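What follows is a group of structures, each given as structure tokens.
There are two complexes below, and they share chain A, which is joined by chain B in the first and by chain C in the second.
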Partner chain A sequence: MYNDIIAEHFMNPRNIGELEHPDERISIGNPICGDTIHLGVAFKDGRIADMKYKAYGCATSIATVSVFSEFAIGKSVSEIRKTSSEDMEAMLGELEPNQMHCLDILSELFQSLGTVKEV
Partner chain B sequence: MDGRYFDYNATTPIDPAVAAAMMEHLSEYGNPSSTHRAGKTAKQSVRQARSHAADLLNCGQSELIFTSGGSESNNWAIKGWLSQWKGRRPHIITSSIEHPSVQEAIRYAMREWEASVTWLPVDGDGFLSAEAVAEALRPETKLISIMLANNELGTLQPIRDIARIARASGVFMHTDAVQAVGKINVDVQELGVDALSFSAHKFYGPKGIGGLYLKEGRALEPLVHGGGQESGLRSGTENVLALVGLGEACRLAREEMEETALRLDEFKRLLAAGLTALSPQIKQNGGRDASRTLAGTMNIQIPHIRGEALAAYLDHRFGIALSVGSACSSNREKKLSGVLKAIGLQDAEIQSSVRISMGKYTKRSDIVGFLEAMEQAMEHFCRLMPV
Partner chain C sequence: MSTYSTILKSGSELGLDPVGMIIASAKPVFRLEPGAQNEIKLQLIQESFAYHYKHNELYRKVCGEKQVAPDDIRELRDVARIPLIEISKFKDVNAHLLLTMPITELQHELRSTGTSGIPSISRRDEQSLTRSVHSIYAMFREMFGFFGGGAVFLAPSAEDMPEMGLVKLINMFSGLLDSSKFFVHDSSFDPGEVLDQLEKWKHVHTRHIIGPPFLVERLAAAAAERETKVLLDRQTRIITLGGWKSFTGREIDRFEFYKATAEVFGVREDQVRDMFGLVETNFMAVECGEHAKHVPPWVYFSIRDLDDPEREVEPGEPGRLAVYDPSSLAYPGFIMTEDLVYLDKEPCACGRHGQTVNYMYRIKGAEVGCCAINLEKYMSDKEARVTQCPIG
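What follows is the complex of A and B.
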């Protein structure tokens, strides 16, 4: 089953789409389960001004990138970098064992965004 | 009945007549083995159930042994027959698309009794040929176990021909007919098998009750030893209440299944046409030959959409219930349907597959509703899709 956070984001994913002129592009793929995420990021005044993505994957992985985008928009890269793994875990709520791989996806999203050089 | 339920192969709703019959017997508490009046009443209920089930399968009442359902029947037929060749390397012929309760019972025989196994492949449509069974026969072959109807694809195997081959070489033949009984005519005389498993919850009866047809003159080592119920073959005080339900379900199946199958056959065509209209990319998995598949079962793949995600969306938005061909398990491994692998599908194809299974309460308007929901779901996923 899907917890309320996952179900809500999966049914109504935020920030879907493609940025016309992203400052950064991030692509994440899990070769085993085939989840794929393409993310575009736009910066303004040292902060993440906008973020859009396209995703193919299981319900939980789609919800994961939606949760991530909602969290990241408005933050600075150093705030992204400082996010603890406990905070990340809390963002997705309680996961079932077969959904745990989405925590890896989330931390990979944080890591990828945390290592871009700020514009 | 809920018109958004498309998972009849997983289990079926209880028929109101079955529920009523069970309700009527709810306070009947006698033990069928007792000789007093309470016991007799219970015994009569069991007898009645056996009579209805025997009518449905066209067998003698003494050839029917009740069990806790399909899994137990499958386990028992396999272990109960093979145990006499413990350690003497009996050979088994089975298919690569059996239900886990057959596969795992066979693996147990491999581990514990040094059985060797031929897992016969199926073709791209999910069928195996009787000739392949004949070719796999060895002098030490002691058991053939091949399912009648497959739960994921609905494909029907040529059990009659296979049983003929088994008889000709004196090999015990078991068939898992759990997905067939109550949906199509299953006549054990016509099939000519030695043993056949069935389960009431797949045809509008209660869960946890089923049986094994065991041909007159054949004997199995019991799985459950004890007080000698079911002619000493399956001990334990009978589940009288569930048997009342099973009996009623068998009685209803005889009356209704032919007409239901005709209707579902038409619905399946409606569904196929509607899905193709939605997207010509949607493909049907497994055979489509109506004479060799269950009318109510359809397995499809929707390219570029994860079956699990589609099913979750349909469930949350529309309350539609489907079953999927794969589930995430972890980062390092995926859990893919062995049946879909056996028909040669690629991992990505299996991940985008879902099973739609209909039953006697499915209405034409439900098919229309399903197609409308599918259209919205596809729009939802198209917005998300990376190009």
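What follows is the complex of A and C.
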């Protein structure tokens, strides 16, 4: 049911937690199914220096934020903007049909962070 | 060692599933004397505890802190010593730590969402899922007896919300019926449409209504307004699940509901039944015709003192519900709920033995929440958006 990327990130989620003073806060979620993500981002010298999140939902959605955080830390907002949808798909590996909504979550995370004014 | 324990142990040694054996024998096991039933429960819970103790590192650590090990559980009264998982942990960011099985063994995730919007997710492996399916069908067959008819499901369809516990459960009824239809679309509910469907099925199917109390109540109100009454059948079942309290705090009076609903649809009160379950467990406690909610004979309900949660209270006394469900392998099925209940003191007149439970309400401070409440809130928010008028 879970590919190796999802299984590994769900069992060992990276960057989980809460930033005390984030420069940006991003929240995304679905009011019915309840997949909810609260993300805090800290910038330094024009790059994403740190990112912490709290994620609630299915294993794949939790793994998705973990994958995203690992990818985003160290990058600039313009690099985040340049990420193609093919790259995003590759980041999560092959998903089951009922996990495909997590690609939308990932895309929304990229979009939300991509619209942040560069610090 | 009793005959039952011997059989279960031998079955287990031969590679048979002891929990599955008991679930498949729900009817006779329900009618065993309480002592025999309790021996079976004890045996299954002992084995389940030993399994999680052995394979779940975090849980074993908790057991160590509480100074309890499988060898300490010798009688049913010892079961209350088995450490419990707080139900809120299923919402936790670190819920993966609850797992006894590796994620690669998991096959399904089921969710329930309360008013906070944070879902409670329970993850199941192949065998827990199989036990869960058998357990629910065993209870449906035992308590409702049907294997045919047509049902209106007052809920969103499984296609719309496949992982929602309430929907998944209601959808399981389909396999026992000849026809069924969901009637909540895009968070909207039209009782007239349901009543028309029930009319269409007249003389075609034995008609059943299944859904949360707040929607059955709306349906009954609409039916009462109709000039031509919708009178249902001799074998009709009107089945509710999802709780009696609204997100607004209003509570539907269960017994008045039974009376009013039976009257509107021209059925007997014993045809209107309620069920209680949690997405984190693999069973439903279902009402018999006496309106007693029977706990499956493989599950143990331990009712705890609100001030001293280590202490079990006597039947008749209200307390916090702790569930010991031996069918769970993916995570320990020993769960401290946020529900206030009491057990009946007297055996049920229906002839089944074992625990019967009365749900009261959520404990103070707990989130008011389940699939039904979230659904009601979402529908209500949508209705408010549709009906609101611009000011000025």
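Note that the second predicted complex is superposed on the first by the 118 of 119 C-alpha atoms of A that agree within 3 Å, B and C clash if a C-alpha of one lies under 4 Å from a C-alpha of the other, contacts with A are read in each partner's own complex, and residues count from 1 in each chain.
The criterion applied here is as follows: a contact is a pair of C-beta atoms (placed from the backbone, for glycine too) under 8 Å apart; a residue touches a chain by one contact, two chains touch by 3 or more.
Since the model is a prediction, treat every value here as computed from it, not as a measurement.
*Asks:* Which partner does A:F10 contact after superposing on A: first (chain B), second (chain C), both, neither?
*Replies:* Both chain B and chain C are touched by A:F10.
*Asks:* Which of the two partners, first being chain B and second being chain C, lies in contact with A:G29: first, second, both, or neither?
*Replies:* second
*Asks:* Quick check on the superposed pair: does A:C58 touch chain B, chain C, both, or neither? Answer first, second, both or neither.
*Replies:* Both partners, chain B and chain C.
*Asks:* Thinking of the overlay built on chain A, is A:M100 touched by chain B (first), by chain C (second), by both, or by neither?
*Replies:* first
*Asks:* Considering only the contact definition stated at the top, list the common interface residues of chain A for chain B and chain C.
*Replies:* Shared contact residues on chain A: 2, 7, 10-11, 13, 16, 32-34, 36, 54-59, 62, 98.
*Asks:* Any idea which chain B residues touch chain A in the complex?
*Replies:* Those residues of chain B that touch chain A are 304, 306, 308-309, 312-313, 316-317, 327-335, 347-348, 351, 383-387.
*Asks:* Which bits of chain A are touching chain C when the two form their complex?
*Replies:* Residues in contact with chain C: 1-2, 7, 10-11, 13, 16, 29, 31-36, 54-59, 62, 98.
*Asks:* Write out the stretch or stretches of chain A touching chain B in their complex.
*Replies:* Answer in residue numbers: 2, 7, 10-11, 13, 16-17, 30, 32-34, 36, 38, 54-60, 62, 97-101, 104.
*Asks:* Sort out for me which residues of chain C touch chain A in the complex.
*Replies:* So the residues of chain C touching chain A come out as 91, 93-94, 96, 102-104, 106-109, 111, 113, 117-119, 121, 123, 161-164, 374, 378.
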